[in-house]
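As written, the chain order gives the labels A, B and C, with residue 1 at the start of each chain.
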Amino acid sequence: MLFSLLNVPPASASTAAGSGGAGAPGAGAGLAAAGVPAAARVPKRRPHVLREGAARALFGTAAALSIAAVALICLFLLANGVPAMAEIGLPEFLFGTTWRPAHDLYGIFPMIVGSLYVTAGAMIVGVPGGLLTALYLSRFARGRTGSFLRSGVELLAGIPSVVYGFFGLVIIVPFVRLFGPGTGLSVLAASLILGIMILPTVITVAQSALDAVPARYYEGALALGVDHEHAVFKVVAPAAASGIMAAIVLGLGRAIGETMAVVMVAGNMPIIPDSLLSGVRTMTANIVLEMGYAADLHREALIATGVVLFVFILLITMLLNVIRKRGEAR
Amino acid sequence: MTSFLKELANEMSVTAAAEVPGAAPAPAKMAVEHLNLFYGDFQGLRDVNLTFPENQVTALIGPSGCGKSTLLKTLNRMNDLVEGCRVEGSVLLDGADAYRTLDATDLRRRVGMVFQQPNPFPMSIYDNVAFGPRSHGVRAKADLDVIVEESLRAAAIWDELKDRLKKNALGLSGGQQQRLCIARALAVQPEVLLLDESTSALDPISTAKIEELIGQLKERYTVIMVTHNMLQALRISDKTAFFLLGEVVEAGDTDTIFSAPIDPRTADYVAGRFG
Amino acid sequence: MSDGFNLRLRRPRPSVVACSPTLGALGAVNLMPACFAKEDALEAHIARSSRRRRAVSVLLRWLTYAAATVTAAVLLFVVGYILVRGVPALTPDLFQWEYTSENVSLLPALASTVIMALLALAMAVPVGVGAAIYLVEYARRGSRFVRLVRVTAETLQGIPSIIYGLFGMLFFVTACGWGLSLLSGACTLAIMVLPVIMRTTEEALMAVPDSYREGGFGLGAGRLRTVARCVLPSAVPGILGGVILALGRCVGEVAALLFTAGTVAQIPDFGGQGIFALFDSCRTLAVHMYTLACEGLHVNEAYATSVVLLILVLLLNAAMRVAAQKMEVSKK
């Protein structure tokens, strides 16, 4: 085919866009770099050949933009966050238990712990219910009930996090207040609302994994005289294990990165919570609460908090990739 | 081919004559009576009457879509999974009605099934075989070990697999997977074994091994198999039923069906004129 | 003709052994008469455990029913509560063109939301669709570039919105010098929804049967023409689904906008300032809702705002369903 002559090596397209992207993420840089040698190699300049080459270069640049975006995000976060970490001292920053910007004390350990507590709470609240609901939707639901619940889950997924946060503030917080001292703005309230928020993620991902399990496994189990429930729980669910793990990890990522809903119900004290009912501040909340007025080192310390959060997210993404690879290998 | 059949027929007419007086009817393990089956409006089976004698191999043959696999799936009620499938008439296991008196899961344990495509579960070889017994309440490791070994031995695959029982079953070859599936079916100690074209996805050597295995299994089990391969039916079955368009055209001793069919359609099919 | 088996005769047949070419190789096989010494043990187990097994089955089944019921109850409660409290709070005051601290009108925020979302999509859709076209139609499957793009797109998808907010603040607001503005916010959102659009478009393109492409090439059309004329049209509903999903995220986003678009409750003044209105700060509906809820002074208005947000989400979900149905139809 003619335009195969124009085959721009993907690597060159990516470097062109990558280098161009640092200054201004322009399509022009990638286009020119890819277009010129291609045109030179074609003996007769036919208009549609040029057009094909331009299209390939343009689409390639678009694809390269996502690489540029990740590179830029890393670059800017690190450039603004790492100096602060260095100035504060990495151990003091990560493991310091006092966050008092007015006294130049920037220890985010309470926030790291807070994020982990709240996330763990959300998993306890959301994962079992989510997985069982996925099993229900995939293997037990019939007719109307199923399709009603499916669109309900879609709706849950679409509700903005502020609305969840507001709901938590007006319903869950007063409810938690009934159980003990304090305002109700607490680890428990944040865990409950986050548990609800990760439900749609867990349900949809786990359900599609369950739906994808070949019918022959289920039939094989039935043919052994195993009833429907045991076949589903003992054969179908294990066969979807990697997809179910992916669902859990995606829920984890969603919970640890959630900001607005948590800010509204967690109480936001920068101390390590000592009970389910005490207030808590997560890393995300830390950023959003103080970024509005922070300056200088304080501001950079907040960005550095973002870097730590980013590292957590990258770890989760890597974990997800490992799980997916394993699933494919099987 | 024809000369072989003739020879076969000759030999058998002699032995048959010799045996008739002493022969007692084999007891029927399973039977279907006036069986009609519908998928929605489509009638898949028409007034099927058959008996499946105990400890014998019965082959169901016929062109694609003739209802033989449908009948097989009716015997252990796997058709229950098909939406809009309706069964009339009766299926009897030891005289008990499979659709009215027996529980479906109980029936399926007693009437095991091996599918066309090998379908081991995505777990270890050991767990595959132990799956059935475990689900039926066998918990003790020692008991399971015995069941797994004996089932694999009975499926003639123990020697090949004994050193890698913990390996994932999906790593086995197709023929090994199919024999593993037979072992898995045997592990719940069925009384009847249904084979749904279980060698059609396999190479000739694996097929031969499984055919040989079937010949041994009939000493303990009643075997009912669907096959496209007429030579296979001829080699290993005692009884044969020929299906056409959802009806049983002719059924009887395999040798008779192949050497002296009564119905011309059977004769045509067996002679390879259609199918 | 179907008389059933005539079972009178049992004749010896040529033995299986004689037919089987591999018997020698399988000499080790022995069907011991004592095979299944444990048979009675199993039978006993089955009899004994059958009742317990059924109880477990019922329990498992009811567990899934219970979980599904709880999920449905949570949904109904959240949505129902917001609607019950919010709908009566929807007053004409909330739909004034001018925002004052008296009327706390949400209309400016609604208008800003629409402008912001459209602007973000105008940037993200061409790039996302283009990237997906490259990955599916142009690139060699599994090349290093493709893998890198996939990995980065997945990474982008996992990044929480607050990180996007930080990045937008550092890059668009400060480094580019655009300040807290519509443009900074829209650019941040565009990056945020880029992976969503890329992924859905990729899936939609991959669902297009290869015969369509062969049809195009067979007529001598170039790749671009084939993609544009034969492949893209049947992928449009799928792409649309992705766009709606992205729109939903734009509408609901707060954390990424607080420090990029700011919280000024006015519609960017395109009439007066023309293109420079892009540099006006503005608040979207979700940001508006957040400020109301946090101030704690306008709880009823916050309910009303969440009703409007919910209605938007419902509309988007309905649009999504239509797109999905179209996709199903085009697949057939």
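Throughout what follows, a contact is a pair of C-beta atoms (placed from the backbone, for glycine too) under 8 Å apart; a residue touches a chain by one contact, two chains touch by 3 or more.
All of these numbers come straight from a predicted model, not from anything done at the bench.
**Student:** Which chain's centre, taken as the mean of its Cα atoms, is farthest from the centre of chain B?
**Tutor:** A
**Student:** Which chain lies at the heart of the structure, taking centres as C-alpha averages?
**Tutor:** Smallest offset from the overall C-alpha mean is found for C.
**Student:** Is the number of contacting C-beta pairs greater for A-B or for B-C?
**Tutor:** Answer to which pair has more contacts is B-C.
**Student:** How many Å are there between the centre of chain A and the centre of chain C, using C-alpha atoms for each centre?
**Tutor:** Going by mean C-alpha positions, chain A sits 13 Å from chain C.
**Student:** For chain A versus chain B, what separation do you get between their C-alpha means, in angstrom?
**Tutor:** The answer is 51 Å.
**Student:** Centre to centre, by mean C-alpha position, how many angstrom separate chain B and chain C?
**Tutor:** Chain B and chain C have C-alpha centres separated by 46 Å.
**Student:** Can you tell me which residues of chain B touch two or more of the remaining chains?
**Tutor:** Touching at least two other chains: 109, 135-136, 188.
**Student:** Do you know which chain A residues sit against two or more other chains?
**Tutor:** Each of 227, 230 in chain A touches at least two other chains.
**Student:** Two or more other chains in contact with one residue: find those residues in chain C.
**Tutor:** 53
**Student:** If we count contacts the way the header does, which residues on chain A are in touch with chain B in the complex?
**Tutor:** 214, 216-217, 219-227, 230, 234-235, 238-239, 330
**Student:** Residue numbers of chain C touching chain B in their complex, please.
**Tutor:** 1-17, 19-23, 26, 28-32, 35-39, 41-43, 45-46, 48-50, 52-53
**Student:** Hey, which residues of chain C end up touching chain A in the complex?
**Tutor:** 53-54, 56-58, 60-61, 63-68, 70-72, 74-79, 81-82, 85, 126-131, 133-135, 137-140, 143-146, 148-149, 151-156, 158-167, 169-171, 175, 191, 194-195, 198, 217, 222-224, 248, 251-255, 258-259, 286, 289-290, 293-294, 299, 302, 306, 309-310, 313-314, 316-317, 320-321
**Student:** For the complex, give me every residue of chain B touching chain A.
**Tutor:** Residues in contact with chain A: 76, 78, 81, 105-110, 112-113, 115, 117, 119-123, 131-132, 135-136, 168, 170, 181, 184-185, 188.
**Student:** Using the touch rule from the top, collect the residues of chain B that touch chain C in their complex.
**Tutor:** Residues 8, 11-12, 15-16, 19-20, 23, 25-26, 28, 31, 47-53, 58, 109, 133, 135-138, 143, 146-147, 150, 153-154, 156, 159, 188-189, 205, 208-209, 211-217, 219-220, 235-236, 238-239, 241, 247-255, 262-263.
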